[in-house]
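In the two complexes that follow, chain A is the common piece, with chain B as its partner first and chain C second.
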Partner chain A sequence: MNWIDKQRNIVDFALSSLLRRWRKNLALLCVYTFVVFIVASVVFFAEALKRDACLVLEGAPDVVVQRLIAGRHDLISSGHMEKLARITGVSDVKGRLWAYYFEPSVGANYTMVVTEEAAGRPGTVAIGAGVSRTLLAGQGDLIAFRGHDGAYVSLEVARVFPSSSELVSADLVEISEEDFRALFGLPEGIYTDLTLRVRNPKETVVVADKIRRLLPDTRPILREEILRTYEALFDWRGGIVLAIFAGAALAFIIFAWDKATSLTLEERREIGILKAVGWETSEVIVMKSWEGIVISLTAFLLGLVLAYVHVFFTSGTLFEPVLKGWAVLYPRFQPVPFIDPYQVATLFFLTVVPYTVATVIPSWGAATIDPDTIMRQ
Partner chain B sequence: MSLIVLNGITKIFNRGRPDEFTALSDVSLEIEPRGLAVFRGPSGSGKTTLLSIVGCMAKPSAGRVLVKGREVTSLPDRFLTDIRRHTFGFIFQQLHLVRGISALENVILPAYPSGEGLASLRERGVRLLDLLGLAHRADTNVEWLSGGEAQRVAIARALINEPAIVIADEPTAHLDTKLSLDFMAAMERLKAEGKTILFASHDPLVYESTMVDRVLEMRDGRIVAERRAS
Partner chain C sequence: MRLRKSSAFIAFTVINVTGLALLFAHGALERQRQAPVLSEKKIMVERFGLTDLCLFTDARYTRNPAVADRSTPFQDNPLSLDYFPSGSILPPPPHLRAHELDR
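Coming up: the complex of A and B.
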């Protein structure tokens, strides 16, 4: 109990000491909070994007097979489907129709996709929220698409995708097979690429190898590869944001470091008094450590909470254009609140610990003075 | 038994450097409990250095110091701090109060690391301020106190750990006659309570006071004369 009371007394004095220099400490707290806020926001946002993308890709096929001619993607025929279906372990081989469509009036690329949902409703399309915004088109409106022969085809908007899937559906136009083939002039039996399922997930790589050997003009793309690409992409974007803020953050860190590591004359005098009235060097250091811990922990928690609100309640307004860039169609999406304890712990050890140590070192220097120095002042 | 024994104390600053300076030279002395002794002498005579060594604030370059019969010269700093905290109360010439906190907080400052509960500490602090007629200023920040009030806060701070010995270095150097007399009256009360009091002073108002039991004349780092009250 005595030890706890002693720590409580020292904390009490540390807090009173912080309050006495509230201007300096408030400035430090603001700067520190800002740095934690920026770093935590980027980390939370990149993680949320990755998670969102991964959730959407969960339903994606195990393997996508594209045809390549001299390295260029080309259309694939249904003849390949039969060969693929004969590979052991492969099931559910399907042809997929999709294409990029450039709309000159708004300068945007749409991704046109044929889905099973759209099969039953020729003459209509379902569009992503990004497309809806740029064309100012809602349910029931007609959208004109320019076909392969230059003639315009008008299709009715059957529905607009909900914003929860906007990260990957912003530029999407879901269309029926008949309309797709008519628009792009594609004959029957020709597909953009093929998809297939592999019964045993562990055999996916083996199946991909078999496909490469059986159909040397094709390129199998595994779902895991797409997931890895997403992760790399969002990590890279997070890095870009950090790089943009690095200059500002560095200036702030230097400022904070300077304020934390230098003692004012008043602080040195105070340490001298404490030593002279009977405080041990270790007690002075503990007191200064508490000061550092209070500042850095408060800044850390404040920065973390602000970053959480920024990312999960305001959709990361500050970084949106960089982190979610999608040509002219910026998706609006609300990330699902999620915190990775490992990332929080990493942030903690990168912010709180160095700052506390930085505060203690100069105090240790000042606290090792002979107590009789104060007698001579 | 003597409360403090100094045996052949020498203190050399900056030893081995061109600016080497001998502040004390072979000083031997015994201090009895419950008395008031004044070290008197000009600037640079070694009064403050001697008080620092007696109060375990500094270690001598040579010689031995015994406090309550215990040899303290060879003790590590941590133990010296402990002895200093529990045996001595210091009143500095410049007072050295911590600005920005109240009189009461200044008074209890030396006792923070003791582990005593804050409530009990505050209670004792207020009682001390009350004894010195300053209870009504307990919550006032020290920078708002007059010179005399600030000195009484410094006295109360010196007493918070209930020390057996109170050490004051030139306590009246910055006080006018009335405040100096008030200070001596406060010391007289402490002496009556059984405290041992050691002053360094060259103020006649202090060393000619009737309450002083012993005046030790210092010069060039040595005790050159001694007068005891009859």
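Coming up: the complex of A and C.
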């Protein structure tokens, strides 16, 4: 009998053994699949958002300069702009006007942003799909915003940003500078913060250092730092991933530990009989390994398939409450499937291997005891 | 002839692996299909001068974590703790440790 035939016979026996305790093994398979599904969903979701963030935020300003007063972010004047424009290596300085706006009627927070394009159409706004959803407002509708003096200003919706861009635009309200200043009572020459373009990207750190020395009340934030913020957020070792991952990992550890430390009397007796009818210890271990592989490989594959469907077909519905928090306005987005083979391999070694080893260890212990002793237990 | 259990298991595994391979192929196609959407979002970020993704809209330091400062979650009043759910899953940006003003 060649090696393959022998293994197939052992697999046949292992499957029969599993089917004899089908209720218990089915429950085990369901729990195991669920754990793999949760862990894989987190990994797929985080990786997709991380890659998305890295690609999309490549367009972020080279440097953002904020003014800090008494530890708080404060408005910045055009006087700072002039000083920054004189720094060698800086090619362009722009004042950025943006603000948070709380809409009490729906309890949602919006982000008002001024753009050069909006300057040509005062009295109108372009809104994100999330804003449109919460206010039930579409193109041509009027939205009333409460100004700094308590008076309402009605602005017409010129367009709604496509829902495919919700990850960046869900809560945005694009508004003209004129309307923005009137709404928030902001005088000319005052900005929320400043953005800089640096001629040579390698010089941004030097430029940031010059800014800190020239304007000690400001704080430069580099694009690389913005990108690192999102890498940290979706990193395996921290943030959102760790929050969800930790629970699933703990469940898996308890699950594997339970398996590793317990072998039912029936299973021990089965091993004793196999030894008594002439099975070698190594063959018993191979059979038990196959039992572990059958359960863990099936759970791994099913969990991975379900996780893919969950994240990339249903947009990670189960994570929505976690991401939503207290927010009324929640972006609806379809993550782009970026799958790192390294992560799939890591998942495989984190789930299939420990379980299989956990199955083999107690069996090895039982297989080395005298069959007569086991059968008399 | 009755199907051997090992053959059924192999067939089931092959079906699963094929399903997974098809899904990964779907991923590759979807990346190609969504490439224009990604560029559109990048253009939007450039046009608006955005610094953050719109993931959390409940608190300003989680809406724009990249430009938040270290004290924002706690500045409502002295000894006020961070109470927004999103604040508990969002780590502080790594660059906050590097600047003199945030020390």
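Some notes on this structure:
Everything that follows uses one rule, which is that the second predicted complex is superposed on the first by the 327 of 377 C-alpha atoms of A that agree within 3 Å, B and C clash if a C-alpha of one lies under 4 Å from a C-alpha of the other, contacts with A are read in each partner's own complex, and residues count from 1 in each chain.
Everything below uses one rule, namely that a contact is a pair of C-beta atoms (placed from the backbone, for glycine too) under 8 Å apart; a residue touches a chain by one contact, two chains touch by 3 or more.
All values derive from a computational prediction rather than experimental measurement.
By the touch criterion defined above, A:R8 reaches both chain B and chain C.
Within the superposed three-chain model, A:V277 lies in touch with chain B and out of touch with chain C [touch as defined at top].
In the superposition on chain A, contact of A:A366 is made with neither chain B nor chain C. Within the superposed three-chain model, A:L135 lies out of touch with both chain B and chain C [touch as defined at top].
In the superposition on chain A, A:S16 contacts both chain B and chain C.
Between chain B and chain C, it is C that contacts the larger number of residues in chain A.
In the superposition on chain A, the residues of chain A contacting both chain B and chain C are 8-9, 12, 16.
On the side of chain B, the complex with chain A involves touching residues 48-49, 51-52, 57-58, 77-78, 81-82, 84-85, 90, 92-94, 96-101, 105, 109-110, 112-118, 121, 157, 161, 169.
Residues of chain A touching chain C in their complex: 8-9, 11-12, 15-16, 19, 49, 52-53, 55-61, 64, 66, 68, 71-73, 94, 96, 100, 108-109, 111, 113, 115, 117, 128, 130, 161-162, 164-172, 174, 193, 195, 212, 219, 221-222, 225-226, 228-230, 232-233, 238-240, 243, 294, 297-298, 301-302, 304-305, 308-309, 312, 322-323, 325-331, 334, 336-339. By the touch criterion given at the top, residues 4-6, 8-9, 12-13, 16-17, 19-20, 23-24, 26-27, 30-31, 34, 37-38, 40-58, 60, 62-63, 65-67, 69, 71-72, 75, 84-86, 88-91, 93-95, 98-102 of chain C touch chain A in their complex. The touching residues of chain A, when paired with chain B in their complex, are 2-3, 5-6, 8-10, 12-13, 16, 20, 266, 269-270, 272-274, 276-283, 370-372, 374-377.
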